[in-house]
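One chain, subunit A, appears in both complexes that follow, with subunit B as partner in the first and subunit C in the second.
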Partner chain A sequence: MIFELQVVFGLIALAGALSAALLKDPYAKLIALGILVSGALPFIVDRGYLDVAIVASLIAPISTIFVLMAVRRAET
Partner chain B sequence: MNTAFILGFVILALGVLSVAFVRPKTYVARLINLEIPAWGLLLIMLAYDEALALMTFVAVTAISTFVIVRLMEWRDASC
Partner chain C sequence: MIALYVVAAIAVFAAARAILERNTGRRFPYANVLNFAVAGSLVLLLDHPITLIAAAAYFVGSTLEANAIASTYAGGMKR
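Then we have the complex of A and B:
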């Protein structure tokens, strides 16, 4: 991959991880987790593992939905 | 040593620290923080060429998240 693109996607992933670790609201944490996934997926695509990229990008929102169920139940 | 390897180590360390010292001390926040080191470990495993291991790891992480969510609802202690 181009070096500048690696830096940009690495910074996106780091920003997602930092904000998911530091934010307190559970919904904000879930959104930051989405940013982390979007920063990590181009590295998987860059290695040529398109099947792994398909599986990861299908499963990550599903687990977000499961956690969202628990967050909604914990809020009420 | 490529970029994904180093980035994976940084995210793994950050995620482990955030799971250990979670700030709102709730099960939900800890479960959400638990997904950060999983992605870091995925980036580390990407440096070694094992596509089947990567796919299995992603699937098992999602299944374990589902099981832990069901367990939290069953215990009725999700606060």
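Then we have the complex of A and C:
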């Protein structure tokens, strides 16, 4: 990958991880988890592990939906 | 090559806005923009036919995720 793009996607993944750790609102935390995955996935694709990328991009939303059910139960 | 830089700049801007925004309801559009930008950059990164399938899978998954979070934030299904 081009070096600037490595910096860009690495910064996106790091920002997503930091904000997932630091933010208070549960929905903001879930959005930050999505940002973390979207920052990490271009590195998997760039190496050529396309099957891993397909599986990871299909499994990450399912895990987010499970966490979402826990958030909704904790709210009510 | 220049398209990749444009898409990456859009991704950085959308990520910064999605993280730094105060109101949680305003984060969702920027999270969507970030997902679209990353899907576009996945296509442009690698010159291989299956990259298209990977980008389509990421597009479907990230849209499902964002819509699930947004609909739960808006109140979910009334029964």
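To be clear about the criterion, the second predicted complex is superposed on the first by the 76 of 76 C-alpha atoms of A that agree within 3 Å, B and C clash if a C-alpha of one lies under 4 Å from a C-alpha of the other, contacts with A are read in each partner's own complex, and residues count from 1 in each chain.
What we mean here is this: a contact is a pair of C-beta atoms (placed from the backbone, for glycine too) under 8 Å apart; a residue touches a chain by one contact, two chains touch by 3 or more.
Just so we're clear, the structure is a prediction, and the values are computed from it rather than from any experiment.
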(request) Figure out whether A:6 sits in contact with subunit B (first) or subunit C (second), or with both, or with neither. (result) first
(message) In the overlaid three-chain picture, which partner chain does A:45 touch, first (subunit B) or second (subunit C), both, or neither?
(response) second
(message) Quick check on the superposed pair: does A:61 touch subunit B, subunit C, both, or neither? Answer first, second, both or neither.
(response) second
(message) After the superposition on A, what does A:71 contact: first (subunit B), second (subunit C), both or neither?
(response) both
(message) For A:35, using the defined touch cut-off, is the partner it touches subunit B, subunit C, both, or neither? Pick first, second, both or neither.
(response) second
(message) From the superposed pair, tell me which subunit A residues show up as contacts to subunit B and also as contacts to subunit C.
(response) 30, 37, 46, 60, 71
(request) Name, in rising order, each residue of subunit B that touches subunit A in their complex. (result) 3-4, 7, 10-11, 14-15, 17-18, 23-24, 26-29, 31-33, 35-36, 39-40, 42-43, 46, 49, 51, 54-55, 58-59, 61-62, 65-66, 69, 72-73, 78-79
(request) Could you pull out which subunit C residues touch subunit A in their complex? (result) 4-5, 8, 11-12, 15-16, 18-19, 24, 27-28, 31, 34-35, 38, 41-42, 45-46, 48, 50-51, 53-54, 57-58, 60-62, 64-66, 68-69, 72-73, 76
(request) Could you please specify the touching residues of subunit A with respect to subunit C in the complex? (result) 1-2, 4-5, 8-9, 11-12, 15-16, 19, 25, 27-28, 30-32, 34-35, 37-39, 41-42, 45-46, 48, 50, 53-54, 57-58, 60-61, 64-65, 68, 71-72
(message) Which residues of subunit A touch subunit B once you look at their complex with the stated criterion?
(response) 6-7, 10, 13-14, 17-18, 20-22, 24, 26, 29-30, 33, 36-37, 40, 43-44, 46-47, 49, 51-52, 55-56, 59-60, 62-63, 66-67, 69-71, 73-74
